[in-house]
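Given below, in the form of structure tokens, are the structures.
Common to both upcoming complexes is chain A, partnered first by chain B, then by chain C.
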Partner chain A sequence: MAAITPEIENVQEEASTQRKTPFMEMVDNLRRSTSGKIGLFIIVFHILLALTSPFIVELMPQDPFTREAGRNAAPSLQHWFGGDEQGRDVFTRTLLGGRTLLLVTIFGTTLAMGWGSFVGIMLGFLGGRADEIIMRLVDAFLAIPWLLFLLLIVGIVGTEPWIQMLTLGFFYGIPAVRVSRAATHDYVTREFVLAARARGEKKITVMFRELLPNVLDVLLVEGAMRWSWMLLAFISLSFLGFGVPPGGERTDWGLMISQSRRIMALQPWATFGPIIFLSSLIIGINLFADALAKALGLDRSQGAPV
Partner chain B sequence: MSELLVDIQDLSVGYTTKYGKLVHVLRNVDLQIGRGETLGLVGESGCGKSTLGQAMMGFLRSGSKILGGRVTYQGHDMFAMPAKELESIRGRSIALIPQNAGQSLTPTLRVGKQIVEALELNAQIKGAEADARAVELLGQVRLPSPEEMATRYPHELSGGQQQRVAVAMALAGNPDMLVLDEPTTGLDVTTQAHILELLRDIVKEMGTAMMYISHDLGVIARVSDRVSVMYAGEKVEDATASQIFKSPSHPYTRGLLESIPRLTLSGIPKSMPGQPPLPATLPGCHFEPRCEFATDICGTTPPKLEAISSAADNNGIMSSHFARCHHWDKLAKADFSEELKDAYQDVRKKDTAKPAITITDVAISYYRPGFLDNLMNTPHPPDTVSNINLTVNRGETVALVGESGSGKSTIVRAVSGLLPAKDGAISFENFDLTTDVDDRPMELRKRIQMIFQNPDASLNPRHSVTEILDQPLKLYFPNMSAAERDKRKEELLDRVRLGHRYLTRYPGQMSGGEKQRVAIARAFAADPEVVLCDEVTSALDVSVQAAVLDLLADLQKEHGTTYIFITHDLAVVRAFADRVAVLYQGRLCEVGTVDEIYAPPFHPYAETLLGAALEPDPDMEPKLLAGDTPESSPPETGCPFQRRCPVRVGEICDTTMPDWVSPKGAIDHNIRCHIPVEELLAMQTEPIAAD
Partner chain C sequence: MIRLIGRRIFFALLTLLLVSLIVFISVEALPGDMATAYLGRDATPESLAVLREEFGLNAPAYQRYFSWLGGIVQGDFGDSLVRDKPVSEIIGNRLRNTMVLAITASLVGIPLAIFLGVFTALTRDRWPDIVVSTISIFGMTLPEFVTGTILVYVFAIRLKWFQGVATMPSDAPIDAEFFNIIALPVATLTLVMVAHILRLVRTSMIDVMISDYVQMARLKGVPARQIVFRHALPNAMLPTINIVALTIAWLLGGVIIIEQVFNFPGIGNLMINGISDRDLALVQAIAIILAAFYVGINLLADLMSLVLNPRLRTARGH
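Our next item is the complex of A and B:
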């Protein structure tokens, strides 16, 4: 009888790094990436700011909704970013301006990635006639200029945050269908999927237990990127007057830029605040998404096919 | 006379990990290759063979660096040379033939054009002259109708033909030296045999030296003059091919030779425990943990590479036999061929006549007529698999053998329900197995399990071993509590001889052999009665292959499991199977017990396969009967082997499917050929004249 002792270890392998789960591996890689840490810091800063800004503004002597700063006032010690065309304090308005934006886009992205990847994985796995038909529909949707569609729906139904969440979530899920379907195709022919099918697992089990963990990497990175695009989309809506409606008790960076647009050439400071805040958030998301892709071993330059 | 072409002195290569640790890949390697000499380089995966081959061309993987030593090629130090000069040597004087030629050819260029490019770069000829030379080269690598071949795109060629084109490209610069990195791995046996003969002839004609890297000892034995055995980045033995194979003097070489199944010896070979350590990590001999001859000194003092004997070869060139072992003198004395016989132990013993799976007149097709095809009544192509009749008895192992495309996997997929049969009947007790797996009762699914070829692909990389084993347990035993499952998982790991600590590991953290054990444990979690094994050992190292076969044999003994075993490796079949079915193009050619299949009379196809199979014996000559022209679909009528058969009778082969004939005195032997069995027997027992 041949004695089989596979117990001989590779003595020198770093025992601690050997037992890592793939998730820990990813966290480990992320921690080594400076740009990823910066990106994450910026994102966390913005989210914390959005959560706490009403209380911060409360404590400050300036009020974002009263016209006390003077119309188009230049920055001063009292009003750090100056005043807008109605004489409101730009600094406090900027602090508050990301709240609706973040609320809508975070939930919108989650919704988009959720339904998009569910449908994508299902189509990628099942294939067949349904796949053909739905993918042509997806193509058709992708061909329509999305901004027009968004304007139409938001214009008809209203500018409530939950409506925007659902609308953006729906439209941004469409490209996610493509991406997750393509990522699924890479795995569907693998033998572990075949093994699960041969074992007689339910289709839904195969999708969630076998396929999802493998395409999750792509979906995470894709989700982070979608988020930054959705931010831009929402800002555009606001700019056009369909995001956060003007004159209400809410402020928004897109709206602020739009309102200060006419005098931008003469007195640009009223737009500086929202522009800096918005771009820092988007840069932060991009840095983080890139670092995440690297940490997961995906190369975004080769990219997921959309 | 024997001028040195390559002289590698004391070469050490290593790289630094992301944790800042230095890892050796090669350690103090000395290697010399003379003009026109063929050096074989063997060892398990991860022993530094490929790195050595690449270093010889002055190439290191990014991140790797030379830690010491020199590589001298024709008097030039390869790593001290300006890049321009190095470029002029590579391709022109040293050429590489990679493992996967299909991937090294540009898919968008005709192969003729690609060879012309190589010629323009390396032989400085242009225009019509280059075109003519390209065709000439294609002829030289024995591609049929070279002019026509030159106009094809790589995807229009078979794997063997692509490999020939790669050889032609390598020859473009008229090199002095070829580096071949597993060039025939992944090819069919017949194709492999043809390519090896081609290489041997080219080397002889052109006086080219070769460095042949392979893990396949049969291939190495066939091509090499001299063999170097690599282990953990070190050269452990270096001698002429006949010395290595007849009187191996390092325990590792012996271990390798004892762990390969052979055509001539039945039974499962001994396996070598463990796996190679990383180079330069042990104080003493690196083979010590796995060595059965090890003594105290082995653990503390690294052995030196010693010349243990010198002999002159046929050309009067002196060559020494080197071994890196403290105890070589004990090993060198022992008669290896006698010891070899003891290493193989027979597992065949079963005589159950109770059928488990009966396959009757089965036909399977991948063809799905589209709407237009139905409308226009397009004729259907011949079925991928047809007319299969096979009975698999309880507790026995039936092997399905054939080249790629012979329909082995297709049949197994039909039995597993992944690709339901189109016609015929497959039954298992009272169950009908022509149904899709989704329509089968859970009870039936549980009793038939499948193990796949490549454990890298068949285990989900995102699941730990616990999760992997939980899946069948949850599916088939829904009432099992978590504690019971934990107990069962430990039992399963015990059974496949893995420690319990493997439960928390992910596939990426295990070696190939360990992964395949987990895959086996997963299949046995269901307590199956029939296990379908699809090339389960072909992705594994030789030392591990024997252990996996042994494990499967033990599990069979304990549980009376029935195996349907797919493989292209005839030696594995010889070692493991009770009965064999030989398939060509989805049709059965020959069925019989192992001993019957491996002795005449043969079906001409079985004879071709056996003739092309290589044994680790430098004196063995393969018999190349049929050509290796690939066929992609079965013929419409007649014998499936009609187009390649070396002993075609005539018209009748094209029109009529031969009947099953049973040779006299056979227990269970059936051949399907128009040539009468007596004649086949007479033809095949005659010694065949070597050409």
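Our next item is the complex of A and C:
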């Protein structure tokens, strides 16, 4: 029975006159993936939490900024994750801790995929000398351990969210150039692109109307993976002390983990709390990215780490 | 063949040259220079001018770039103004420590990853595969410092088997105690590395095991062990070489974080300190050294797959 079903669907797809872009096919495939749905659910949960947590915390009796929980206090009914080194309530701080992270990485990924795929499609479409030179530069950039570069820039220029957003957005767009360029190469010689050029369409129109819809699926998978890697980069920077400044109005999981590690023998929950929230978000994004990649028939195990 | 190898080496060197240019330009483009970093808040326009003259910062950028590059080729990374010592002297022992850490992790991790990859491929979709694959997904997706922190909690704080902090002088002799101290950092690096490599070995092993020639060998009645080790594994290893190289290259970045987690006196720890006190000469030197390793390892992997896979030799080398 299961073997027959895909065939029936194929027939139906061919019968409809509307041509489906690869992107629409991928969305259809994604609907059938359980792990993809779980991943998406976790992501939506975290985004909603990030948007509403200041109001939730406002309503709760605990205060994340005063020292009412008691130093290194063990978890209790009042303070679910106990208190941290300075006696602040860990649970409410954890609820607030993903906001900067999500803000920076969501906009950072959008920026990276935006410029990266624009340049990539353009190079793949136009080719020529500029293409060769820029790809050499891309290779050189990829030969630098990234963390090093991010540290260099964020460490010296500053750690404000917008600087991090621009820095991460710039660096994580570089591999996107390569991916979108390769994907574009599959389509530049197709009839519909040639036809569009023969019609005398502007180059920019061909790029956006003919090429972009066809490579959108690849870009989306790439974007989901870039997001998870950018998140790792951000959280690692903030663990190393190049993120949200300590003692301010903002909290951050990476910072909380790096500070609470010192009291882990006394009060492990001050460390575990942020670890649980952070890990669930990362796993959610990875489940979603994996499901996307599978829906597209890509194998994620070939991807580069971080 | 020799032309192909020459070509790869040429491009690796070209990449390295571009990297040095990028590192130089980005440090150049950052606000402040060595003089402002050296003087800090005490800077007055006069003292800055004097210092710039002394350090030769008034020369045009391209001249400074070439003299910097020329120094590196001869093994001279310049002087650290903040630490008032030649950079190579500061880096020396710490680079050694980092190398010991990375090499130990690779020696443990790569064979383990290949073994587990083959093991999970052979027990595909049964419980050993499911258990190992699930753990490896966690190792792959969680940040290194989370993995490290969890290991410290379990093995240093609860079980008290190893030290949670790698406190030792940077010129500690490499002996049994050294390896005892670096047990947990190595374990963390190994875990993450194994997770990355294992997954690819597993996939490529599964691909090979269902291929025609393995089926053929089976039908011929070749013993299972011989099929795995003589027929399947050598072919499954080929795509693995590149991911191993990528992972070792990742190791160089990951080591920065791990060293910070365990307070290990290595090059990554030094780099963080260098950034905090704006020791630009030191940071530039570390960036170039790490990039050189990265390019070198990738080149080695390229050459190895060229030697092992005759099909690549006829393809256009690019």
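Just so we're on the same page, the second predicted complex is superposed on the first by the 261 of 306 C-alpha atoms of A that agree within 3 Å, B and C clash if a C-alpha of one lies under 4 Å from a C-alpha of the other, contacts with A are read in each partner's own complex, and residues count from 1 in each chain.
Here is the rule we use: a contact is a pair of C-beta atoms (placed from the backbone, for glycine too) under 8 Å apart; a residue touches a chain by one contact, two chains touch by 3 or more.
Small disclaimer: the values here were computed from a predicted structure and weren't measured.
Trainee: Could you look at A:210 and tell me whether it touches chain B, chain C, both or neither (first, second, both, neither)?
Mentor: Once the two structures are laid over each other on A, A:210 reaches chain B alone.
Trainee: Under the stated touch criterion, name the partner, chain B or chain C, that contacts more residues in chain A.
Mentor: C
Trainee: Quick check for you: in the superposed arrangement, does A:195 touch first (chain B), second (chain C), both or neither?
Mentor: Only chain B is touched by A:195; chain C is not.
Trainee: Go through the superposed model and pick first if A:22 touches only chain B, second if only chain C, both, or neither.
Mentor: A:22 contacts chain B only, not chain C.
Trainee: Is A:146 contacted by the first partner chain B, the second partner chain C, both or neither?
Mentor: Touch status of A:146: second partner only.
Trainee: Of all residues in chain A, which touch chain C in the complex?
Mentor: 136-137, 139-141, 143-149, 151-153, 155-157, 228, 232, 235-236, 239-242, 254, 257-258, 261, 264-265, 268, 271, 275, 278-279, 282-283, 286, 299, 301-302, 304-306
Trainee: For a test of understanding, state which residues of chain A touch chain B in their complex under the given definition.
Mentor: 1-8, 10-14, 17-19, 21-22, 32, 190-192, 194-201, 209-210, 213-214, 216
Trainee: Applying the document's contact rule, which stretches of chain B touch chain A when the two form their complex?
Mentor: Contacts found on chain B: 18-19, 21, 268, 270-271, 273-275, 277-278, 281-282, 289-290, 345, 416-418, 437-438, 440, 442, 445, 449-450, 452-454, 457-464, 471-472, 475, 497-499, 504-506, 508-509, 513-514, 517, 522, 526, 546-547, 550-551.
Trainee: Can you tell me which positions in chain C touch chain A when the two form their complex?
Mentor: 14-16, 18-19, 22-23, 26-27, 30-32, 137-138, 140-146, 149-150, 152-153, 157, 196, 199-200, 202-203, 243, 246-247, 249-250, 252-254, 256-257, 260-261, 271-272, 275-276, 278, 283, 286-287, 290-291, 294-295, 298
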